[in-house]
Amino acid sequence: MLERQGTDMADQKWGMVVDIDKCTGCQACVVACQSENNVPINEEGHFTQRRAIEWIRIERVWEGEFPDVKARFLPVFCQHCDEAPCEPVCPVYATYHNSEGLNVQVYNRCIGTRFCANNCPYQARYFNFWEPTWPESLKNQLNPDVTVRSRGIMEKCTFCIQRIRRSTRDSDREGTELEEDNRALSPACVNACPTQALKFGDLNGHLGEEAAEHLEGHGGHGDSHHGGRGYHMLDSLGTHPNVIYLKKVDPSAEEVEAHG
Amino acid sequence: MAITRRQFLTYAGGSAAGAVIFQACGVPADELLVQSPVEMPEDMVSGLDNWYATVCKQCGSGEGIVVRVMEGRAKKVEGNVDHPINQGSHSVRCEAGLQSLYHPDRIRSPLVRVGERGSGQFREISWDDAIGRLSLQLKNLSESGKSNSAVMITDPASAHIGMIVDRFMSVYGGRHMGYEPLERTGLRRAVKQVFGQDVMPDFDIKNTNVLLSFGADFLNTWGSPVRYSRGYGEFRQGDRKRGTFYHVDSRFSMTAANADNWVYVKPGMEGILALSIAQVIVSEGLGDLDAARQFTENNSLDLDAFEPSKISQKIGVGAETIRHIAEDFAKHGPSLAIGGGATGGHSNGLFNLTAIYALNYLVGSVNNPGGVVFNPAPVFEDVPVVPRVDSFLDFQRLVGDMKAGSVGALMVRNADVWHGLSDSSGFKDALFDVPLLVSFSGFMDDTTSMSDLVLPEHNYLEDWGSDIPDIGPGYQVLGIQQPVVRPFFESRGSQLGTRNFGDVLISLASELEIDLGLDAENFQDVVKNSVRELYDSNSGSVRSDSFAGFWNGLLQRGGWWDTAAIADNVSTIPILSEPQDPVFGGGEFHLIPFTTTGIGDGSGASIPWLQATPDPISTVTWQTWVEINMKDAERMGIEEGDVIEISSSVGSIEALAVPNPGAPPLTVGVPVGQGHRAGGRYAKDRGSNIYAILEANIDSASGALAWASTKVNISRVGRSEPVSKLENTYSEPPRDEEQLIIKITPLDS
Amino acid sequence: MQEHVQLTQKEINDDLLAPVLGMPKWWYGAVGFLLLVIFIGLAAYGYELYWGMGVTGLNRPVMWGFYITNFVFWIGISHAGIMISAILRLTQAEWRRPITRAAEVMTLFSLVAALSNIMFHVGRPWRLFWVYPYDFSRGLFMNVRSPFVWDPSAVMTYLIGSSLFVYVALLPDLAVVRDRATGKYAPTVYGILCLGFRGTPRQWKLQGIAGILLSALVLPVFVSVHSIVSWDFAVAIGVEGWHSTIFAPYFIIGAIHSGVSAVAMIMALVVWLYKADRYIRPDHFDAIGRLLIVVSTTWFFFFFLEWVFALYTLESPEIAMRELQVFQNPFWWLFVIFLLTSYFIPVPMWLFKSVRRSPMWMFITTILVNIGMWLERFLIIIPGLARRQPFEFDWGSYTPSLVEILIVCETFAFVSLGMLLFAKVFPLIPIFDMKEGMILRDEIRIGRRTVPASIRETP
Amino acid sequence: MASHVDVKSHQGHGEGQYVPFTTQEEVVSDLITKHTKVSDKWISGVVAAGLLLLLGVVGFAMRLANGMDDRVVWGYYALMFAFILSTASAAPMIAIAPRIANAHWRRPISRAAELWSAAGLFSLLLFIPMLWILPPLNDGRRSLWFFDPDDPVYSQVPIYTPHIWAALAILGLVIVGFVLLWLSAMPDLALMREHSTGFRQKFAAKLSGNWVGTTGQWNMLHHRMGIIGAFYFMMLIFVHFLVTMDFLIVLVPGWIDALFPITHAANALQAGVATVILSMIFMRQFGGYKEYITLEQFWGLSKLLFALSLLWFWFWFSSFNVFWYGKKPSEQAVLELLMVGPYLISFLAGFVLSFLAPLFVMVWNPVRKSIWGPTIMSVAVLFGVFFDKLRYYVAAYSVPGIGDAHVHKHFMDMDAIPKVHMPGLPDIFIILGVIGGAVFFYLIFARLIPPVSIWEQKELMLYKVHKAYHRTEVFVLGKPR
C-alpha cells in the first residue's frame, strides 16, 4: 500500500531523538505542527472539555515546592512504536505500520471506536469530537498536502509524512539520493525548534548511529553528556518506540537508573 | 456535441445552483477531503510549492523567515536558515503571521467613523477620500501654525519605515513618539550608561559558561528569544562543557524553570543582589580587580555596604547562595550577566540594570566571546537603527497636552495605546479632547476602534519593507521584507483594500506639498535606492556585478549581513545610578505582569493559534489567570478556577486563580495582553487587561514606568469557572511518579 | 418438598394463554410510556449523530464511557437466559420449568440492546459494517486481531443460537395457540409459525433432542461472548487495571450474577402482572435465591482475587488507579454503593428463607444487585481510563452528558417493551414444559414419610 | 396423579443398573463381610505401596543431605506436594458436590472419594519441609501479605507470615476432611459396632459414638454433612489460593496472573475426578465391589471429567491470551519460562493429556458411557496434571533473584531464563514415594472404614423405585429435601 515501488525507501526507518535537556518548553513545535497539519483551531471550549488536539504537546512536570521548586518540560507525540499497542486493536485496519517504520492513521478508514486511544500508553492519539471548522478566510492557510479530518475519527502525529513523500518524490525525479537531515523532509516541529532539541532522521542511517551511541551509553565529548543519555519512554511496556529521549541533566538530581 | 448558448447557460446555472445548495449544507473545507479508505491522503502529494524569504514583523526581534506559497496562498512559515538572528528556527509568533494575514476580521478598506467615537461604527471610503480628509486636517493645523500639535505614535519603528516617519514628522513639524507596552527605555539607558552603546548589545550565550540572568525571561519573550534559544541549545548540549545557569527572579518564569538554579529575590532587590555579588568578587580578589576599582571609585560606591550577610535578610537570598553564585560566576568564566524584564520595571529599575550589567566588567566578559558582544554602527547613516521609544513620562506629558487641547491630530500606527497605557495615565479620557484620531493599523485593535479615520496598511506578508534587528547578532544585518503573496484585498481595486504605510505617508506628503527628500514615489523604491550603497560597498553576504542581481540576491537570501562588520572595542567605565530600594504602593501582594509565549504583550491576542498556545508553566490558554502561591491559596481558601478580583489603587480586574507550586508567597503573576475592547472575534471581551490597573510609579532615573511595582489586594468573587488549560485540574501537582523524564547529574559534579 | 399445586391441562392452557388471547388493562399504558422513553432516547441519538461525539461527556483520555458500560451490562444480562435454561435443562433441575422462556426472551432483547450501544458509541456509525468481512473490493479485510472484530462475530452467533433456542422451545406452545386463537389471520400466522407441530411422538422426540443439543452447543458460545467482551479491556496494556488475566471468568460470573438476578426480577413481575402465582411458586424463588447465593459468592471471590493481584504488583500506576477508584470523588461513593448493593446487602438477606421465598423481597434485592453490577462496569472502565499515571499531566475525568443518560434509559425501555410485546404474542411461561412437569411428578411413601419424586426413563 | 409404591413389591433386575439385593439386610451383611475379609490383593497392594513410600523417604533423605538452601533441586519435591494437593485433597469433592445436588448415582462411590481425605493427611506432612525450602520474607521477596522487611515485629518472628497461614490452612483442610469422613462413616461404624468383631468392632464402637439412628440424628447428620462439605470446598479453594500465591507465583517476577489460583483449583478438581475413577476401577476389579460400582457411576463421573477438562482449558486460555496479546516483556518472559521455553515438552504433554485427549475422546457418549473409556482417560488426565504441575513448579523453583525488588518490579530479561532442570535419582525416588505413600494411607484407611457407604446404599433402595408406566417401565427417583 504505502511502499513506493522501485525505490529504496522501504529500508528507511524514520525516527526522532528528543533532548529533554535542551527543551525549554517554548511551544514553537506545537504551533508549527498545527500550521503544517491543518490541526483544528483549539478554542477555549476544547480545552475546558479536555478535547484540545495537539499532535505534539509539551508536558510540564513539577518537582518540589517553593522555594526549591523545579519544572521540567517533556515533548510528547506519537512514538511510532514498532510494537504499537494501538495497531492490533483497530478493528478496521485504520492504523497500521508502514514499510518505513511509521505508524500511520488512515483517516477515511477510521470508524471511531477509540480503542486505539485507550491502548496508547503515551496518550498520543486525539479524537475529533467536533467537526473542525475555520472561518472562510482562514481556510486559505490550510495545507493542501494534508487532509482535513472530519468529526468522529482519530488523528495523531504522522512525522509529517507528506513532507517525506514530497521530498522523496523530488529526489526521485531529480534522481538524487535522499539525504536524511534535510529541512524539506524533516517534520515542522523539528525545523521550528529554537534550541534544536528535536532531531529527525533515519534510524537505519546517521540518526540510527547517533541514537545507538546514546542508548549504549558511551561516546560523548569531554564531560558534556553527549552519549549515554538515551532511553525509551515507558520501556517496560515493550512497545519499542522509534523516538529516543535524552535524559535531563540536573546538578541537583539524585541519580536514578532507567528501567530496562 | 454542439452546445447552444442557451443550453450552456442552463448548465452553468444548474451547476451554480448545485454549488449553492451544497455550500448551504456546510460541508467543511471539503475541497481538502480525500475519500480513500486505504491510502493516507498525505501519500498523495498535490501541487508545487515555492518558498519566499522575508522578515517576520510579529515581534520586534526581526527574525528572517521563509514562507511556503502554493497557488498564491501562504501556507507555512519557517525560519530562514541563512538569517543570522534565528538561523532557521522560529518562534510561536512567526508561525502565527499566517493567521494574521488571513484573519477574518482584517480591515478591508479605509474607514471613517459614523457613530459615536468608540462606538465602532465605520463606513468604507476610498483611499483618495481618506488621505484627503487627513491631509485637510494637517493642512489646517500647519496653516494655523499648530503643526507641532500633530502627533504620530508608532511602534518602535526602525529601518526605512522609521526613517520615513521621522522625516515626515520633522518636515511637517509634528512630533513622533515610539510606544512599547512594557517599555524598555530603562534597559536602553542602562546599556548606554554601562557600555556606552546606543545599540542593544548581543549576548553570546552559546559560548558562555556561567549564565547569570536577572528577571529576563529571555528564552520566552524577552529581547530576541529565538536567537538566545539557539545559543541556549549549544550552552546546554553543544560540543562544549555543559554551562551552568542561575536565574534570579521574583517570579517562576519559563526561563526560571530551565535554569539549574532559580534564586528567588524579593521584587526590586536585584540590583542590590548584583552589587553584593560584586562585593564578594572584589573582597575575595576574584575577577578583574582594577575594573572593579574603576567603577567603584568612579561611582563613589561603597561595596562593603553590600556584604552578603548584611543585605541577605533584606533581599531574601541566603548569604551562602550569594557567595556561591559569585564564586561560580567569577571562577568558571566565561560568564555572562543579563538583566531585564521585571527587574527593570521597578522604581529603581535603572539602578538594578546598571548594577547587573556592570558585573560583566568584573569578569572581563565585555565584548568578549561568551560575554556581552557589542553591535556595530548601523548599516546606513541616514536610516535610524535605534527604534524611537518614549518613556511613560513623555506619554504623561502628551496626555497633559491632549487635555490642554494642544493636540490637533493623533496618528497611531501599530501601537495599541488605548490597551497598553494604564488608566492611571488618564490617556483614555484625554483621548476625547483630541479632534482627530487617525489609525494606520491594518487590524481593528482597541485604539483603531476609537479612531475617527482608518487608513489600513498591508499585512507584512503582503508588503515591502526592511528590518534592522533591534538586537543584532554582533555584526551588521539588514533584513529585506518582500510581499510573499499579493495583497489579500487587491481584488477590491486600488481605491479600497489596504496600502503600504510608507506609500500612504509619501502620498500624504505630496498632498501637503512637503518634500521628504527621497527621490522615490513609493516605499519599495525607497528601500531599493538605499540598498544601493550596500551594492556599491560590495561586501557582506550578497554581492553581484549588477544591481539587479544584487537585488534578487537580497530577496532570495532575505537580507544582507556582513560578519566582518563588527563593533570596534570601546573601553568605557560603567556609570551606575544611585543605589536605592524599590518603592511600592499599598497592597498585600506584589503584582508582576508578564508577557506570555503566545500573545506576548497583547499584540497577538487576535490570533487564534497564539491564544491557544499553552503558557509553558501553567498551560493556561485563552484566559487571564493569576499565578498564586499554593500555600497562600490554601490560606485564603482559593482553588483553581475561582474568579479572583485583583484591585490596585487604580482599579480592579477579574481573573481566574491558578495556584502553582512555583509561585512565590505574597506575589501574584498576571499575564498581560487580554481584555481587549475590540480586536476581532478571537480577542474581543476576552479575559481582562492588567495594564489598566498599573499604578503610575515612575523610575525617576529613566522616566520609565515602573510596571512591576504595583501592589494589589486579591479576593474571591465567589464565582468560579473552568480554567481552559492543556493540563487537567489537579489537587496535587503532577510529580512524574513513573519517571517519564529521567534525570542524571553532570559528569563533573 | 413444596406446597405443590397439581393442575389439569385445561387449567394450564386457560391460565397461560390468557395474556395472549386476552388483553390486560395496564398494557396500553405501559407500552405507551415505554414508547415515549424510546422516542426521546432516539431523538437524543439523532442529536448526537448530527453534532458528533462532542455532545457526550467523553474526552481525552476517557474515550469510553456510558455506552460501553451499558454495552457490557446488557451483554451480562443476556447471559441469564442461557444460564438458566441451558445449564438447568442439562442438569434436569425441575424448578427451571416456569422461568426458562422469560429468561431466554430477555437474552434476545438485551443482546439487541447491547449491540445498539456499540452503534451509539462509535464516531462514524454509518461505517460500522466495516468490522464485518466486507469491502474486498478495496482490497481490505477487517483486522482479525482486534477484540472489536471478535465481539460482533461472537455476539451475532450468540444471538442466532439463542433465538433458535427460543424458537424450538416455543413450537409446542405455538401449536396450542394456533388451536385456541380466534380471528381472521391469527390461526394462519400461528399455524405457519409452529411449523405444523401436531404433537406426534416423533415430533416430541425431535423437539426434545433439539432443545438438549442447542443448549449444549450454545454454552460454549455463551462463555466465549463475555470472555471476548472482557478482552476488550484485558488485552489492553495502555490502561493499568484493565490488563488482568482474571477478567474473562470475572466478567462471566459477574454477568451470571446480574443476569440471574434479572431473571428473579422478571419472575416477580410475571407473578404480579400475569397472576402466575400458581406456576411460579415461592420455592422457585427459593431455588433461584440459593443459586444466587452461590453465584454471588463466587463472583465476590473473583473480585477479591482481582484486587489482591492488583495491589500485589505494587506498581504505582496500578496503586494510583485503585486509589482513584476507592478514595477519590465521585468514585469513592459509587464504589461504596456498588459493594453494598451487589453483595453486602442482598447476600445476607438471601440467607433467610423468608426473604428467598417472598417475591417482593427477591424483587428488591435483585434490583439492587443490578444497580450494583452496572456500577461495577462503570467503576472498571472510567477510573481505569482516567489514568492518573504514567502521564499524570493529562489524567482525565468524566461526567456523562444528558444525551448519554437519555440513550441509556432508551436501552432499558427497549428491553422492557420487547418483553411486553413478546408476552402479548407468545405465552411467556412455557405451557408444554409445565404440563411435562406436572406429568413427571410423583411421590414415594417411606414409612410414614412421603417424599416427592420425579419420574425418569430407565437409562 | 400421585401413585404410592410399596418398596418391597418390586423386583429389580439387570446387571449394573441397581443393587441386586432385595432386602436391606442382605446389603448390609454383604458389604460388612466384603469389608472385614482381608484379601491378599490388598496385602500385596499395601506392601507395594509401603515399599515405594520407603523409597521416597530415602530420596528425601538424600536431598536433605545437601541441605535446603538450594531451592532449585527441591522443585520436584514441591511438584509432588502440589500433585497430592491436587489429587488426594480434591477427591472428596466428588462425594460432596453430588451429595449437595442430591444425585443418586454418587451413593456407591462417595465413601471411596471421602477416604482420599485421609490421604490428604499426607499432603500436610509433605508441606512441612516446604516451610524451610521457601525463602523467608525479609530478603525482600513479594508476598500476598505485604510483609515489610523492616518491620521490627515481623523480622523477629522466625517463621514468616505466608508460611504460617498456608500451614494453618492446610492443617484446617485435613482436619475438615477427617471430620467429613467421620461424619459420613458414623452410621456404618454403628453397623460395624453391631455386626463385626475384634479390633474393628472396638474401633467402631469408639468412633460411632452414641449413634442409634433416630430421625433427629439422621436429619442432623444430613444437615452437618451439607455444611461440612461446603466448608471443605471453601477450604480447598483457599488452600489453593495461598499455596499458588505464596509458594509459586511470587517466585517468578512479572507473573501477575490473578486467574492462576482458580486455574490451579480447577485442574485439581479434574485430577480429583480422575483419582476417584481410578480408585473405582480398582475397587471394581480387585476389591470385589462389581455389583455396587456400575456403569452409572462411571457415566456420571466421566461427564464431570469432560466438563472439568473444558473448564480448565478455558481458564488456562484466558490467562494465556491476555499475556500473549499484551506483549509486555515481563509477561513474554513468563510465557517463555512456563510454556514455550525450556519446559515446552512438559507443557505440551500436560496440554494434550489433560485437555485435548479428554476433549476429543470423551465428546462421544459411547465412550463416556463405558467402564474403560473413563478409566483410560483418567489415567491420561493424571499424567497430564503431573506434567502441567511440573512445568509450573520445577520452573518456578529454578528462578533466581527473588529477593531483588528491581527484578520484581520490572521484567527479567530473556537470557536470564533458567535452563530446564532434569530430575535426579532422589527426585524420581521422591515422585514414586509420594504416590506410593498416598496409596498406602488410602489402603490402610480402607481397612478401617467400609469403602462403600452402607447406609447410602440402603437409602438408595428406598428412594429409587422401578414401576410400570403406561406401556414402558420407568423408575421413580425420590428427591428429599
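Just so it is clear, A, B, C and D label the chains in written order, and each chain counts residues from 1 on its own.
By definition in this document, contacts are C-beta pairs under 8 Å (C-beta built on N, C-alpha and C of every residue); 3 or more make two chains touch, one makes a residue touch a chain.
Computed from a predicted model, the values in this text were never measured in an experiment.
Q: Can you give me the shortest step count from chain B to chain D, moving only between touching chains?
A: Minimal hop count between chain B and chain D: 2.
Q: Counting only C-alpha atoms to place each centre, which chain is farthest from chain B?
A: Here the answer is chain D, farthest from chain B.
Q: By raw count of C-beta pairs in contact, what's the busiest chain pair here?
A: Counting C-beta pairs in contact per chain pair, the top pair is A-B.
Q: Measuring centre to centre with CA averages, how many angstrom lie between chain A and chain D?
A: Here the centre of chain D sits 57 Å away from the centre of chain A.
Q: Just how far, in Å, is the C-alpha centre of chain C from the one of chain B?
A: From the centre of chain B to the centre of chain C is 65 Å.
Q: Between chain C and chain D, what is the separation of their C-alpha centroids in Å?
A: About 35 Å separates the centre of chain C from that of chain D.
Q: With centres defined as the mean C-alpha position, give me the chain A-chain C separation in Å.
A: Spacing between the chain centres: roughly 45 Å.
Q: Please output the residue numbers of chain A that touch at least 2 other chains, ranges allowed.
A: 50, 52, 57, 59-61, 85, 88, 109, 131, 234, 237, 259
Q: Provide the list of chain D residues touching at least two other chains, using ranges where the numbers run on.
A: Only 325, 327-328, 409 qualify.
Q: Among all residues of chain C, which ones touch two or more of the remaining chains?
A: Residues 140, 235-237, 390-394, 396-397.
Q: Report the topology of the inter-chain touch graph, choosing from line, ring, star, complete and other.
A: other
Q: If two chains touch, include that pair; go through all of them.
A: Chains touch in the following pairs: A-B, A-C, A-D, B-C, C-D.
Q: Help me check something: in the complex, which residues belonging to chain C touch chain D?
A: Of all residues in chain C, those touching chain D are 1, 6, 91, 94, 220, 223, 227, 231, 234-237, 243-249, 301-302, 305-306, 308-315, 439, 441-446, 451-459.
Q: Write out the stretch or stretches of chain A touching chain B in their complex.
A: Within the complex, chain A touches chain B at residues 1-2, 19-22, 24-28, 30-32, 34-36, 38, 41-45, 47-48, 50, 52, 54, 57-67, 69-74, 104-109, 131-148, 150, 158, 161-162, 165-166, 169, 183, 188, 191-197, 221-226, 229, 231, 233-234, 245-253, 255-256, 258-259.
Q: Using the touch rule from the top, collect the residues of chain A that touch chain C in their complex.
A: It is residues 49-52, 57, 59-61, 76, 85-86, 88-93, 109-115, 117-123, 126-131, 151-153, 234, 237 of chain A that touch chain C.
Q: Any idea which chain A residues touch chain D in the complex?
A: Chain A reaches chain D through residues 83, 85, 88, 236-238, 259-260.
Q: Looking at the complex, which residues from chain B come into contact with chain A?
A: 28-29, 32-43, 45-47, 70-71, 73-79, 81, 86, 88-92, 95-96, 98-99, 101-104, 106, 219-220, 225-226, 229-230, 232-233, 236-242, 244, 252, 254-255, 257-258, 260-262, 264, 488, 597-598, 608-610, 612-614, 616-617, 619, 621-623, 629-631, 660-665, 681, 722-728, 733-736, 738-749
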